[in-house]
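Letters A, B and C mark the chains in the order given here, with residues in each chain numbered from 1 onward.
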Amino acid sequence: MKRSIAVLGAAAAISLVLAGCGGSSGSSEAASGPITLTLAGWSLSTTPEFKTLADGFHATNPDVTIQVKEYDATNYDTQMIADLAAGKGPDLYVQKNLKNFFTYQDGKQLLDVSDVAKGLPDTVKGLSNYQIDGKTYAIPYRGDSWVMYYNQALFDKAGVDYPDGSWTWDDYVSTSKELTTKLKAAKSKALGDYQHNWQSTTQGFALAQTPGADMQSGNFSYLKPYYERSLALQKAGAQVKIGDVTTNSLTYQAQFGKQQAAMMPMGTWYIATLLAQQTSGEADQFKWGIAPAPQFDATTAGTSKTPVTFGDPTALGINPKLDKSKVTAAKAFLGYIAGKQGAESLAKIGITPADSEAVADTFFELKGIPTDDLSKFAFATHDTKPENPVAKSTPALQNLLNELHTSVLSGSVTVDAAITKAQDQAKSQGLTK
Amino acid sequence: MTMLETPPAEVPLNLVKPRRPDRTPNRVGQVLRYIALGILISAVLLPFYWMVSSSLKMNNDVFTIPVKWYPDTVVWGNYVDIWQKSEMTTWLRNTLLLSVVVTFLQVLTGSFAAYGFAKVRFPGRDVLFLAYIATIAVPWQSYMIPQFVLFSKLKLTDTFWSIIALQAFSAFGVFLMKQFYETIPDDLIDAARIDGMNEYGIYRRIMLPLSVPALASLTLLTLVNTWNDYLGPLLYLRSPGLRTIQLGLKTFVSTYNAEYALIMTGSVLSVLPIAVIFLLGQRYFVEGIATTGLKG
Amino acid sequence: MATMPVARRSRGRLMSRNTVVGWSFLLPNFIGFGIFTFIPVGLLFYYAFTDWNVFTGAEWSGLDNFSRLLNDSSFWTALRNTFYYSIFHIPLTLGASLALALLLNRKMRGVAFFRTAAFFPYITSIVAIAQVWNMLFSPSFGPINEIIRAFGVDNPPGWTSSANWSMPAVIIVGVWREMGYYMLLILAGLQTVPAQLYEAARVDGANAWWQFRAVTLPGLRPTMFFVTVMLTIGSLKVFDLILVMTDGGPGQSTLVLTQYIYQKGFKEQEFGYASAISIVLFGICLAVTVVQFLVNKRKDA
């Protein structure tokens, strides 16, 4: 048995040696000469944006190499929090959405980058969301917002007019019902619309569009009309029931891409996916377009106005543990990704940059993209509100509202009862006034 | 194994002979038993059937309304594609390496410690054992951050050592082996002690051979747990070259987020090695004692 | 009287020799276990009394976290659901795995196949399990409800998409998944039951049921004790199955304690509070385990 102890001791010793060699390279590089920065990314083989930006920057700044470190896409924040807590975070890391921005900023895990923000044009959207007390802590480079996708072939088949950009949600509901009836008559199995089972599909619009809606006020009644419409669509059979969406693990890509639904509210990130899937055969070949998201009422509806929608800007921040000698290079990279050059390179791979107005032409040169006027309008013109307010209570409120979402849509409780329950819980946990 | 040559005197070895029922076969009962088992097992295997049939479908046919239980046309392409689209070979190799090392350490240190807990009396033993069991009762999610910080101070994160350290010394193995050692009569050990065998000798020459079914169970369960562990590698491993099969499959899911046919192909491939090991090894759980030659 | 001190001294020497030997057996495991598990668990007990969000230092907050628990309705819901799951999951799994083990503990054609098949659910990836079972449970299109409808029930349950039926659905899958695992342990335990006890019982004219009660069950006691303790702790700590199947929903109908811990910790960055909930769960597990230990001890005596 002495042998086993010896083996163990050896294993421990080896582990120490190995860890010493294999550990991170440390951050004590010389101030001048080539600099290497690490950047957190995810799903590198299908998310080309990180490499595109890193290579693009390196081409103009040959001294600086950006090394992309891969994280898990769905557990990005869990892994990042663990790494930062252990002091092993990357030099540059992405704020996937605003929900966790407060955590990182409040935990002093983001460097003040106000000087970078000053040099950016006004057309870069979402910058103000990453500012706290007049200081900027991350620079947005992606600016997705929610629009409405529609299948022109199915509209033609049903003999229903295409959307004209003037819709409110009531128009959306009635058109969906009409489409469902007429498509059934035309012997098609497709339904009028598909709303994915994410809580943002309902709550994002409700918060962004309803005048005076405020998550932290403790009054969630602004959600009611949005849920009533979703329930009405489910009941009318114009939309798949949420129980079937979850139990059958329906994907929005297949629902719209395989022509199961004629309309679908979804973020602009889906444009690149749909184009790629139509090329690869994953999705059917059909003509489609995008329209502005349906509106709360007529005051913001129509192509002469600015439609209100939602979407979190994706931003990049700097880890304050970064070596002092690298700060200038890191800030230069932030300036690059939000600037015109960065935006152009993102638009070329189908990604909506934060400065989407500056590159709309590049974007609509993509192969297969709809180029009608309404699609262009929907892409370029919108007042995009953040999905969530930046506050300490946001993640907890989000979880409560998610419970409200699943219980209402599954028909377990009435809208009113669920709202009252969520309000009480939020209050008892001290999350709202 | 050496037991055969020098059985300690007057030890009722046949006490631990396996049960060998030799009732007269009842034809009807036999048939009914098979029918019951058949129904039960087909229900049990249904999800696995679905996994296999999905892996043979076109991707967008996997989730449909209503459900398609068999592919319209069998697509073998997924089994070719997955090797090109993923690092399946690396993942399998890493997982195999980790599983073998972890299982080896767990079985060795676990059974060793279990002997101390079960058959050696010393002060503080029971308290320490309770502390072992108590840690099983603590949910891992709650101490994984302190543990992660500790591991990174020890520079173990993003190395295989982190997973080995995490899995190889679990209280589970100690507990399992202790329970089995307690079924082995103390007389047997006392007799060996009187014969002048020391404790290490007793462990090696009496306990180990007698506990083959338990060792086999522990080996298999540790192997399966390490093989299927997802949260551990997720938290500790970052480098693509270190990915295990579960982590690889999961990144594959996030990367090709809607390619369910391929994901199911990966799942089938990830289950197969364990299934084969089980099929080959299952007789040791039941025939273990007989095969060590303790015929009495 | 004169021999007493000698005896005591030699017993003392035996004791200290035993201590050295005992520890030498424990040490290889204890080194790893102590460093990698004991220390972090110890830290957890400290964090439970602090306000800690991972990044900023932990601030001592005394019993604040625990008094906050008292008024947290989500915590009580999670606690209730944890018991709901355990109370059904433990006996059902125990019964199913014992039945399987007894059925398969004999020489018969194809026994290897049946044993492997019964173990299959445990080795199948949890992602696949969640997807398949959810499809089986699909309220409008799933085969389970189709069968129920065929028996003339007009309004079959909504299973995972209904607040009332989601927990039963999860329990069914939990039993299905784990019965093979415990079957394996019980099978191994059955091998330690002395064969001649059966022979003796048969000579006494005992029928199968009596043999089971008088021979099998007592012989299985150490194994069953282990299985019960592991199963109890496992049920109280159920996590991944519910996470992938229902994610606690609809509403809070399947929210269990471990999930609430994960939610408070990793989604809301309240690690201090999450640690306090862990302590409660730990206390419950420990109390149940100690009771099981005592019952086991009393039967031993």
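Keep this in mind: a residue touches a chain if its C-beta (ideal position, glycine included) is under 8 Å from a C-beta of that chain, and two chains touch if they have at least 3 such contacts.
Keep in mind that what you see is a predicted model, and the values were worked out from it rather than measured.
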item	value
Remaining chains grouped by touching, subunit A not included	one piece
Inter-chain pair with the most contacting C-beta pairs	B-C
Whole-Å gap between the CA centroids of subunit A and subunit B	40
Averaged-CA centre spacing for the pair subunit C and subunit B, given as whole angstrom	16
Contacts with two or more other chains, residues of subunit B listed in rising order	65, 67, 105, 108-109, 112, 144-145, 151, 165, 203, 250, 260
Numbers and ranges of subunit C residues touching at least 2 other chains	24, 28, 31-32, 54, 131, 135, 138, 140-142, 266
Shared interface positions of subunit A, touching two or more other chains	1, 4, 8, 78, 81, 85, 244, 248-249
Touch list for subunit C against partner subunit A, complex	24, 27-28, 31-32, 53-56, 71-74, 131, 134-135, 137-142, 158-164, 248-253, 255, 263, 266-270
Subunit C residues within the subunit B interface of the complex	15, 18-19, 21-26, 28-33, 35-41, 43-44, 47, 54, 103, 105-106, 108, 112-129, 131-133, 135-136, 138, 140-143, 176, 180-181, 184-185, 187-196, 198, 219, 222-223, 225-226, 229-230, 233, 236-237, 239-240, 257-258, 261-262, 265-266, 271, 274-275, 277-278, 281-282, 285-286, 289-290, 293
Touch list for subunit A against partner subunit B, complex	1, 4, 8, 11, 15-16, 18-20, 22-23, 42-43, 45-46, 69-75, 78-79, 81-83, 85-88, 240, 244, 248-251, 253-254, 257-258, 282-283
List of subunit A residues in touch with subunit C within their complex	1, 4-5, 8, 12, 77-78, 81, 84-85, 103-104, 106-109, 241-244, 246-249, 395-396, 399, 402-404, 406-407, 409-413, 418, 424-425, 428-429
Subunit A-touching residues of subunit B, taken from the complex the two chains share	59-60, 63-65, 67, 105, 108-109, 112, 144-145, 148-149, 151-159, 161, 164-165, 200, 203-204, 234-235, 238, 240, 247, 250-251, 254-258, 260
